[in-house]
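What follows are several structures.
Okay, so subunit A shows up in both of these, paired with subunit B first and subunit C after.
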Partner chain A sequence: MKFAMPVLLGILPLAAQDIKMPANLDRLEAKASEVVNVQLDGALIQLASRFLSDKDPDEAHVKRLVGGLKGIYVKSFEFDERGQYSMSDVEELRAQLRAPLWARIVGASSKKKGENSEVYLKTEAGQITGLAIIVTDPKELTIVSIVGSIRPEDIRDLGGHMGIPKIDFETKKDKKDKEDDK
Partner chain B sequence: MRAAIILLLTAISAQAADREFNEVVRVISDEFHTRPMSIPFFGLVNAFTAAVRPAGTRHIDLAVFEHLSDHDRQGRNLSEAILNAVGRSWKPFVQVRSRRNGHEETVLVYMRQQGNEWKLLVTAVERDEATVVQLLLNTDALARWMASPDRCARHWNGEVTE
Partner chain C sequence: MMDDFEKQLQAALGRKEPSPFFEARVLGAAKREARDRRASIRMWWASAVAAILIVAAGSAWQHQRSEQAREDAAGRDAKARLEVALRITSVKLQKISQKVEGI
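Right, the complex of A and B next:
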């Protein structure tokens, strides 16, 4: 059945996001074996946080983290085979994440898995106002846009919640903590 | 006892499907020149649902289309038509388009708050069948959707029936 999903995903409201999904990513939808789009605006995030327990330490932590968020947008593509997308497909997206507003704070790659994670931080008037994550894998591409106040080191704890993928990376603070422990 | 059942069924049937649910059903009907299959005793399903609340669901409106064929299609952009039918009062929540092993499925999930309650409108379209479901969820079920929307959308059918 020709369902024309790319058109649908293309016309979904993206105005609240800090980053705009480039048109070339819409074209990738035709090649992908699965495309998932999750949109949580501020009201839905606050609703979600109400269901997190204050008694469970992990849930209480996540509840505190999402308190300052205005939006979480996740888009992921899965491909059946390697090489069905290229880094140039992601370049248009990266071009939006440039100084002075944006700064890349983490770039982690795993040669074994072929996975590459990048975290970008948006700062306005000295305040963190957004965060973007790009995770590339030979057969998978995930883009996360988080709008609102969040610390980079908290991203790991949000992984696995509200459609955000789990991401394993070390921030400068983690490295410093490790060095202090030695 | 019989009076209680009648009262329960009356109360449940009074909870009619939202206009948008009927609109999405109409869009699919028009597109494929067909009607949803009739589900006998569906009122009883809702009576059961209201009492037992499977997977945290309090109320279900369901329309199932079978034996859909591209041959009968009008040829409109179905995605756009559904988006227009749903309107702005429902928030787009999750969309999944899966195409694996020759099996294609698109799931569109919208959410709407009504007082203290939340409703989900799920439309799933496969090669030869389509399902439109409106669910009234309790907080536990809603929490599951919010915690893992992508997983729930992939297995939405299980979420309804588990």
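Right, the complex of A and C next:
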């Protein structure tokens, strides 16, 4: 029992994080020109929520959105040079995102540009309990892990609110429609 | 001459009976003095306790204020980090949507 508590306390943060960020990502910080490392556990999310206004519609929306979250972990690296990280840095992470709990819902890659984007959802008892995003391109590596009940479209649709840029994009159909109009 | 002087001296140093309320006045004065001293000690203690209470209350208020300030700073920092995390996540998801929709 004496040893159980420290061991349990040691495991709890990992359990809360759900996905274990590969340790070798830390050494990329020295090579990257820009690094973003955000680690918010449930307590910090709740603390941040208290500073989100109920009167401001955008902040009230975010407050509801993050209300059911237990953790948000973001690691993003931008490099000046290509090839500063290896895919084995990412494979360790991908290995954790396996069925039956995890399912890759989106995988988009461009061989020409060397870009690869993946979105994974964790589902338990029919409920979404986690979201993971891995974006790699020759000069960038971004990993997002969100623990808790969240739908990807809810976060995507934050674009245009709370200072989050909204990216306007045209689908091939839009482009075709425009060309047809001309 | 000498006799006069002796008589005066005897009269001055001779035993005289105290006035009728002398003892009562002396005892009264002693009681007043003791009462004043006790009141003075009580006042001193009251002042000391009041000073200690004021210092303790001030210290507690200051502690609470600095705790509140620390919590406010931590909350604002957490909010800023939450916004950064949501911004990155939202932008990435929008770009992924763009790629998927554009296919």
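The definition used in the following text is that the second predicted complex is superposed on the first by the 120 of 182 C-alpha atoms of A that agree within 3 Å, B and C clash if a C-alpha of one lies under 4 Å from a C-alpha of the other, contacts with A are read in each partner's own complex, and residues count from 1 in each chain.
Note that a residue touches a chain if its C-beta (ideal position, glycine included) is under 8 Å from a C-beta of that chain, and two chains touch if they have at least 3 such contacts.
It should be emphasised that the depicted structure is a prediction, and the values quoted were computed from it without experimental measurement.
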Contacts of A:166 with subunit B and subunit C, given as first, second, both or neither: second
Partner chain(s) touched by A:94 [first = subunit B, second = subunit C, both, neither]: neither
Touching partner for A:63 - first (subunit B), second (subunit C), both, neither: neither
First, second, both or neither for A:38, with subunit B first and subunit C second: both
Contacts of A:119 with subunit B and subunit C, given as first, second, both or neither: second
Touched partner set for A:29, first subunit B, second subunit C, both or neither: first
Partner chain(s) touched by A:152 [first = subunit B, second = subunit C, both, neither]: second
Which of subunit B and subunit C A:142 touches, first, second, both or neither: second
Where subunit A meets both subunit C and subunit B, residue numbers: 36, 38, 40, 44, 47-48, 51-52, 74, 76, 162-163
Parts of subunit A lying in touch with subunit B, wherever the complex brings them together: 1-5, 7-9, 11-13, 29, 32-41, 43-44, 47-48, 51-52, 74, 76, 80, 160-163
Touching residues on subunit B, where the partner in the complex is subunit A: 68, 70, 77-80, 82-83, 91-100, 104, 106, 108, 111, 113, 118, 125-128, 139, 142-143, 146-150, 153-154
Residues of subunit C defined as touching subunit A within the complex: 71, 74-76, 78-79, 81-103
Complex interface listing, subunit A residues touching subunit C: 36, 38, 40, 44-45, 47-48, 50-52, 62, 66, 72, 74, 76, 106, 108, 110, 117, 119, 133, 135, 142, 144, 146, 152-153, 155-159, 162-167, 169-172
